[in-house]
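Below: a set of structures, written as structure tokens.
Two complexes follow with chain A in common, the first pairing it with chain B and the second with chain C.
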Partner chain A sequence: MPKTISRIAGCILFILITMSLVSLFYTPYPVHEINIHKRLNSISWMHWLGNDQYGRDILSLIMRGLLNSISVSVSALLLGSNIGIILGLFASLYAGGITFFIRRLSDFIFAFPSLIIAIMLSLWLGSGYLNSTLTISIFLIAVYIRFVSVAARNIWNEPYIQAAYLCGKNTWNILYDHILPSILPLIIVQSITLFSISIIIEASLSFIGLGFVSPQPSLGKMLYEGQTYFFMAPHIIFIPSIILGVFILAVQICGQELSSYFSKHYNIRLSD
Partner chain B sequence: MLSFSLVVFVVIRVIPGDAATLILGIQADDSSLEQLRTELGLNKPFINQYAQWLYNIIHLDFGHSRLHGVSVKQLIKERLEVSIPLAFLSFVTMCIIAFSLTLLATLYKNIASCINVYNFSIIALPNFILAFVFIYYFGLYYMILPAGGYPDQEASLYIKLTHLILPSLTLSITQAAITTRIWQASLHKNMQSNYVLLARAKGLNTRQVILRHALRSSLNPVLGILGLQTAFLLSGIIIIENIFALPGIGTLLVKSVYSRDLDILQNLIMLFILTVLFINLIVDLINVRIDPRNQAFEDR
Partner chain C sequence: MSVLNIKNLTLHIGDALILSDITMDVQEGEAVAICGLSGAGKSQLARCIMRLEPENAKISGHISINDSDNICQKNEKYVCNMRGSGVFLIFQDAADSLTPTKRVGVQIRECLRLKGITDSKNSTLKILSAVGLSTSFYNRYPHQMSGGQRQRILVAMAIALQPRIIIADEPTSALDSEQKTAILELLHHVCQEHNMSLLLITHDLKIASHYCSRIIFIDKGQINSIIHSHDILNIDKANVTPLVRRFIACTKKMQEGYKNTDNIINTPHETLPLIEANNVTICYKPSVLLSFFSHNTTHTISYEKLCLYRGQCLGLIGVSGSGKTSIAHSLLGLKTLQNGTILQDGVSINAKDKRLYTLPKQAMIFQEPHRSFNPLYTVMDILKEAAYRNRNDYDDAQLRHKAEQVLQQCNIPKERLFDNITFFSGGEKQRISLARALMTEAPFIVADEALSALDSINRLDILELLMRIKQKGKVGLLFISHDIDSIMYIANEIAIVRDGRIAEIIDKKTFMTNNKQVLC
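Right after this comes the complex of A and B.
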């Protein structure tokens, strides 16, 4: 990945995240302000990105919607990664029944397509913030269990772990002092990729109507609601899609850059 | 499989509370609620209900949809006539695209970076964005293909097929990008191994080396990812059918979530999961056929 591209991606990411944070205390127009005269208006000086089917300002909607999408993904990531990493480390620890159980658990979750999990949860919780967060984090737990347990298993076989045992450290100390730090770069890089994936899942959930409930905007929901007006005013579909696509792409490019940074870093350390 | 069915049953039947209230609404009086409960067998203990459901499934009796007024079996069968061709078509297109892109990228080094950038950006985009672009250009702007919907049963095969082209293309392009990426990496790794060196020393050119030797052994991780991708493909089908307004199982699923049609939901979700498990099984079996080394790991 050339340096310029990743710099541009970083800038875009920074701008979009700042935009979404700014929406907490300032949006160009109030987010829910309905102005029926300006219904389906295209891009203009008054409304930079046009108006949607109720005459709401699309720029304000996008700012708040991006914040909602990001907050769902981040909270799902925090929940999923904590549980997943702990379970994954456990799974790498013992070769007995617990490991078998945890591995089966992650296989079990993988067999459900994530939208199916969402549908089952939505019967229980109704749609909304909690539902999307839980759905995404259940999917993430399975992913984390799988790759953390494999990575940690490889490190248990390293000679320096046996050296640490000989120094008199017990298993828990080794787990905390040696295993966790050495898989941390991997976890960080994976988390960024998973962040972009969970943004995609969130958008798909809102898109079939299982994400945020109606007054709250989200990028996927703007697409879902704008679908009917696609023929008359394509911009109310295309603008949120472009923003969503650019955001996800920027996140992925930054993740790629970070992973190449870590691998470089690691090669240097290994050759010492 | 039993444990899957138990989870599905518990989540759908037990957790959302009283199914009778869900169907009749909160204002319903007690006597009609009681009558419906007896009719649905909700008065029986939980184990009995579960056993009854399993018994019915084994006898291919999937219950009755209260909303559509027909048996779930017939409903699902009708919907599958749309979804199976869609899935099959997108799978075939996916294989063709992935195969040609991989070969191109491996044979011609200067195209490879273009293909990499293309793959990277396609993977990053959710597939419904692609769907909108397709609908806009092919369906509305150039009017080549229908933008959505599905013809009646009597329509000719050709017309039905034209309605499936855009959805399957949308589904397959995203999937193909992931497959290409993995296939390309695996092929690249194989091209640096000793047996390829030997084949070159024998005097074969690059094309012959790839087609005769490297391609087969590079298939192994690709098949592994194909099993995982069926889960993504099914999620994709749910979304894409909703965008293109195809009357397939995806739209049925979303619709019955809104109308709380529990009989359909229960059986459809089971169908989805069984499909994923079944395809994963097939993939594992094929994997053993292609690469005999895997037999050693079978009892993992």
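Right after this comes the complex of A and C.
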């Protein structure tokens, strides 16, 4: 991939994340301010990205909505990666009943498309910030278990692990000194891909009404609510979807760039 | 008429100069050897001739095969026609160069089809018998064959393609000595029969002088000297460069290894053996699913008695797949024993205990230098890990001092202490592996084919180093190899392994009085 594309992607990612963080202290207009006179107004100097069906400022909504999406994804990622990595390492270590159970559990979750799992879980847990986080993280746990256990298993079979045993290290020392550093680049690269996937899942959940509860804005919910007004005011639906698409693309490109960096500098072959 | 003509070939990979100003030629029907230390650029030269150099390489100069145009400046399509029909490359390990999912017969047939011969099944069988394989091999997959048989398949492909020149890049380094001679004889015979030239890359002077009319020595990417002689070992030493002199000297020394009488004395200093094994059995059981599909897949390794004293070396010799490595692993406590006991200094070792870290000190030099180190580690990290048991005895400065000492013992410059392990060549890695073993201060060192990746000069260096360590009397050495010369050089006793059991243990005195053929 040309360097310029990855640089542009990095800049876009930086701008979008900064925008969403700024929304904590400042938005051009209050996020929940309803102004019925400006209903469905198009792009103007007053409102850079126009107004939605309640006359709310779309720029402010997107800033806060992006923040909501990112915070759900990041917390789901933190929860999912921590539990998933621990269970995955455990599954690579012991061949026993518990390992069998862990693996079959992740296989079970894998058997369904991720969105179906998310819908099933959120129907069970209900909607809202915490529940969508939990829903996404349960899916992520399965993914982490799968790839961490496979990657770690490969490294356990290397002769240098035997050499480390002969040097007097025990299993935990080896886990900390050899296994974790070796799979860390893989975990980082995969986490970035999974971050973009969880943004998509979060948007999809909000789109079908299982994500954030009103009045909390979210990009997926803006798409859902805007679809009624598609012919009257297409910008309501176009702008959030462009932002969502660009954000996910930028994340993916940065992930690829990082992956090629790791494979160049650390001599580690990463999957895909 | 020259088949291969190279003029002023220069190769850069990244910023490093790999080959500089190579000028050489190979005449029709001639066999030429390229000799050099590991890392001298021998394999890169072979890859250049095939135009298979890595992506970040810059190549300049003139290479022509069979009076063709300069292939350094031709596009991929032209070079592709040249590969196979003009020049054929046999790699070190045939397992890497055969497609694992296709039957070997089909792969040879593919070569025939490229050559434009349509009726290929019969011709393939003919070629198979020409390389000494029965027709049943037609339907085998590469993994169902031994290393020697796979190498034969590559020769068969060469016969199918009828190239003008065969380049063989250390074709025998992965084979045991019996197969080694057979493959080289076959290659020699095929080349003479079909009037092909042979470019043999090797670091074994004996092989080079036996099969080739000219030997080209390469040192640090440059041609050091070219010698026209079949009788290189008795050449006048005044006329040759220091590199050639070193090569000749060490080849002679290795040949006379079995006359070496330093290791003939067989009197243990102590009554308590370092390692004592009695009636050991190890089982390899296949998984339930696999045993359902194929019968009789349980492999057993067993041996009755094995004893090793400090200051002594036990050599394990046997063909590949006979169970040498498994025996070593059991002695190191890396395998669970079915029954029997292994004692080190009177303390039992068994992997069943699951408390490997409480084991007595042991160290191992592994077979594959590329997999025996964590690619993320620097040399210092590796040596630090080796000193893990003694971590409380040294502070950082002492540790570094000791690491530098050990590295110098193993001929690695101490300036490279903080280099990443991936920057070292195979031979250097093997020496670092030895440094790691020394760093552990272990009384029991297992060297598992430790010399197979080394050139003959490095091989002798390492052997002499191991010898010195052994003679200090603190270390017992288990030396696994399929190379009789090096085992004879170092071992006091030789155990012959056949089909998973130790057939007999001979001491060196008996061996010297008997014929060499007793071993194989």
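A few remarks follow.
The rule is short, and it goes like this: the second predicted complex is superposed on the first by the 253 of 272 C-alpha atoms of A that agree within 3 Å, B and C clash if a C-alpha of one lies under 4 Å from a C-alpha of the other, contacts with A are read in each partner's own complex, and residues count from 1 in each chain.
One rule holds in what follows: contacts are C-beta pairs under 8 Å (C-beta built on N, C-alpha and C of every residue); 3 or more make two chains touch, one makes a residue touch a chain.
Everything quoted here is computed from the prediction, not taken from an experiment.
After overlaying the two complexes on the shared chain, residue contacts for A:Phe100 are found with neither chain B nor chain C. Within the superposed three-chain arrangement, the count of touched residues of chain A is higher for B, of the candidates chain B and chain C.
In the superposed pair of complexes, A:Phe112 makes contact with chain B only, with no contact to chain C.
In the superposed model, A:Tyr176 makes contact with neither chain B nor chain C. Once the two complexes are laid over each other on the shared chain, residue contacts for A:Trp124 go to chain B alone; chain C is not touched.
Of the two partner chains, chain B is the only one touched by A:Leu249; chain C is not.
Once the two complexes are laid over each other on the shared chain, residue contacts for A:Tyr261 go to neither chain B nor chain C. Counting contacts as defined above, no chain A residue meets chain B in one complex and chain C in the other.
Across the interface of their complex, chain A is touched by residues 332, 334, 356-357, 359, 361-364, 366-368, 371-376, 385-389, 420, 422, 436, 440, 442 of chain C. Taken together, the chain A residues at the contact with chain C in this complex read 158-160, 162-170, 173, 177-178, 181-182, 266-268. By the touch rule above, chain A contacts chain B in their complex via residues 108, 110-116, 119-124, 196, 200, 203-204, 207-210, 223, 227, 230-231, 234, 237-238, 241, 244-245, 248-249, 252.
Against chain A, the residues of chain B that register as touching in their complex are 3-4, 8, 11-12, 15-16, 120-121, 123-126, 128-129, 132-133, 135-136, 140, 228, 231-232, 234-235, 238-239, 242-243, 253-254, 257-258, 260, 265, 269, 272-273, 276-277, 280.
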